[in-house]
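Dropping the structures in below, format is structure tokens.
What follows is subunit A paired twice: with subunit B in the first complex and subunit C in the second.
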Partner chain A sequence: MEEQRYIVFLFPSVSYALKAEKILKAAGTAHKLIPVPRHISSDCGVCLRTTEDKQLDVAGELLGRVKWDKVVLL
Partner chain B sequence: MPVNIDSRGLACPEPVIMAKKAIEENEQITVLVDNDMAVENIRRLALKMACSFSVTEREAGMWEIALTRTGAVAHLPPGSLEDELSCAVVAGKETGPLVVVLSDNHMGRGDDVLGDILIRSFVHTLLQLKPLPYKVICYNSGVKLAVKDSTVLDDLQQLEKDGVDILVCGTCVNYFEIGDQVAAGHISNMYDIAETMAGAGRLMRP
Partner chain C sequence: MPLDQLNNSIIYFDNAATSWPKPAGMMAAMINYNEMIGGSPGRSGHQRSLDAGRVIMEAREVLAELFGCDDSLRIAFTKNATEALNIALSGILNPGDHVITSSMEHNSVMRPLRFLETQGVHLSVVPCSGDGRLNPADVIAAIRPHTRLLVVTHASNVTGTIQPIAELGRIARNHGIIFCVDAAQTAGSLPINVDEMAIDFLAFSGHKSLFGPQGTGGLYVREGLEKQIRPLMMGGTGSRSEFERQPDFMPDKYESGTPNTIGLAGLGAGVRFVLAEGVEAIRSKEEMLTTRFLAGLAALSGITVYGPPDAANRTAVVSFNIAGISPSEAALELDERFGILCRPGLHCAPTAHRTIGTFSHGTIRFGFGYFNKDEEISPALKAIQYLAGGDTEYSIR
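Moving on to the complex of A and B:
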């Protein structure tokens, strides 16, 4: 079986990430709040990690409710 | 018959390197060591090389470790073992093993929502430390991090899989009435907690 790849949603600020987390939690979508990986940013920020196959689900949940900057494949 | 190795009196990383060489060549070995860092390093070696591991303290400060291969012999890539050894932290006389103390289920004081985000990031980041901490101690509300619905449970469980010993304060889980929900680490007591803290070269408390 191919190993599942992870992606991260990057947000303009911590409060956006928190709001997104609340939405995903309520929707029961698997995710994890993690520090933004060092190779992406030197800021001490957090981002939402999910598996690549969940990208559309997550985007669908967040669309129109929380703005995100970009999605990066880990 | 197991092959016996006596690595007493040898400095890190000698004992673990001798153990590695011996278990690559034999099904079963016993190693005598005289420091707990060597016990810890050989425990990690056993995890990596698919060996069963048991340790008996023969006398104060002297341990006998038994390793038995449970699968095909695993050859570690060169350098991979050395990277993870905890020698660096015992090399200096003023230092010893790194122990992480989680005394709260938040990181820092001021804002608990922020403190919750920070502790989650902190525990996740522990997994990337090289070498990994020797032990993690959870007490007071820090024990809530080790229960079933904790947001850092998966990271604590991964630390355990990677060989980090996680001590969870028994008095604390009893106080919070969450004894049946602990899902990472093992219940410990103040003797172990105080001894671990006293024996640490560095204590890291988020």
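Moving on to the complex of A and C:
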């Protein structure tokens, strides 16, 4: 069976990522804040990692509550 | 027995300058940050950095709840209300713009505006009544075609006079004018809702009625307006590090440099205390203390009280004078003889003192707080009575 792939949500800044974290924790959606991978951006902040199958769930939770810049497949 | 010997501890009536004491949770939150977290927020992805970021985010979230703001990221932290006001005023006003303010403002508003006036900004200072109230009709009369901003204190730091903020907000909104409120004296002690009051910028102090430590404050900015306000400082924000231009989004645009995380840990705890107690309960207690004090002063001779006659139209601030003794002398006596701590003078608001007729000698200001007790009012009234020469029962020499 193929392993689940990861995606990351990139935010304008850590404040946004932390707000997203709070929303997802309350919703019980699995996720993890990780440093932004170097190959994605040279930003020194963090991004929110989740599995590819959770992308729509996460987007649904965050929509209208916290902005994100883009979603990238790891 | 001399009155001063009845009081072996101080009576703190300078809460309008900074609140004291603070809720126990405030210091506990600061110690917890220092001992258990200690990281720099937004500057790395390690757990201590993230925990520091969470501390700040929690402070933002509780403030957003307190101010009825949907998005906590609309609040940028500053070191005090003065910095927040400077960001708003210096950032939004350009040469040729017209700005309206009241004659009851603190220097945190008046000095930036007077400087901006020298840079080509047109300023109208609308006179207030003798008790410090701003008449909305006078504001409407001052509006010009190029009026950009109305900036008003929610309540005077000198007289406690509460301004009709919701009405002023409606006027500003109807005329397409940006509305900035200085809530240094009211955040935490009076209800504030940025939407219902049509507030575009809300500058607040963290160390007064929000029970945070000194060195904390902030600025709420209505969505979209951050595109129009220049930051006062630029620098590292932990975001968009690859770019040499300042981020243009909230709150990073106005939060350059390592923040006061330990202070914001304390502020968050202070605001949680306010939310738990309830602003209405805090207001009710402070209004009761103010009512008691005003009634007591009214019974004394030789006392002049400034501001609205009843506590309902003022915060827990009472400015007064005692015949035959200057405010500074009275404050010194109150401190040294009676352990009563207050603030004399002009309170950084000379224009407000001109409005109430007390420039340049000023007033004695008592600022009550939620932690003051009813039983502290009576000794204060007795001390004032003594200083007014109306009671020789107590010997202080």
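Operating definition for what follows: the second predicted complex is superposed on the first by the 74 of 74 C-alpha atoms of A that agree within 3 Å, B and C clash if a C-alpha of one lies under 4 Å from a C-alpha of the other, contacts with A are read in each partner's own complex, and residues count from 1 in each chain.
Just so it is clear, a residue touches a chain if its C-beta (ideal position, glycine included) is under 8 Å from a C-beta of that chain, and two chains touch if they have at least 3 such contacts.
Note that the coordinates shown come from a computational prediction; the quantities given were computed from them, not determined experimentally.
Trainee: State whether subunit B or subunit C is in contact with more residues of subunit A in the superposed arrangement.
Mentor: Of subunit B and subunit C, more residues of subunit A lie in contact with C.
Trainee: For A:Tyr16, decide between first (touching subunit B), second (touching subunit C), both and neither.
Mentor: second
Trainee: Once chain A of both complexes is superposed, is A:Gln4 in touch with subunit B (first), subunit C (second), both, or neither?
Mentor: In the superposed model, A:Gln4 contacts neither subunit B nor subunit C.
Trainee: Scan A:Leu33 for contacts with subunit B and subunit C and give back first, second, both or neither.
Mentor: In the superposition, A:Leu33 touches subunit B and subunit C alike.
Trainee: Hey, what residues of subunit A end up touching subunit B and subunit C alike?
Mentor: 14, 18, 33-35, 46
Trainee: Which bits of subunit A are touching subunit C when the two form their complex?
Mentor: Per the stated touch rule, the residues are 12-16, 18-19, 21-22, 33-36, 41-46, 65-66.
Trainee: Give every residue of subunit C touching subunit A within the complex, in rising order.
Mentor: So the residues of subunit C in touch with subunit A come to 41-45, 50, 53-54, 56-57, 60-61, 71-73, 237-242, 247, 249, 251-252.
Trainee: Would you pull the subunit B residues touching subunit A in the complex into a rising list?
Mentor: Counting only subunit B, the residues touching subunit A are 113-114, 117, 120-121, 124-125, 151, 154.
Trainee: Sort out for me which residues of subunit A touch subunit B in the complex.
Mentor: Interface residues on the subunit A side: 14, 17-18, 32-35, 46.
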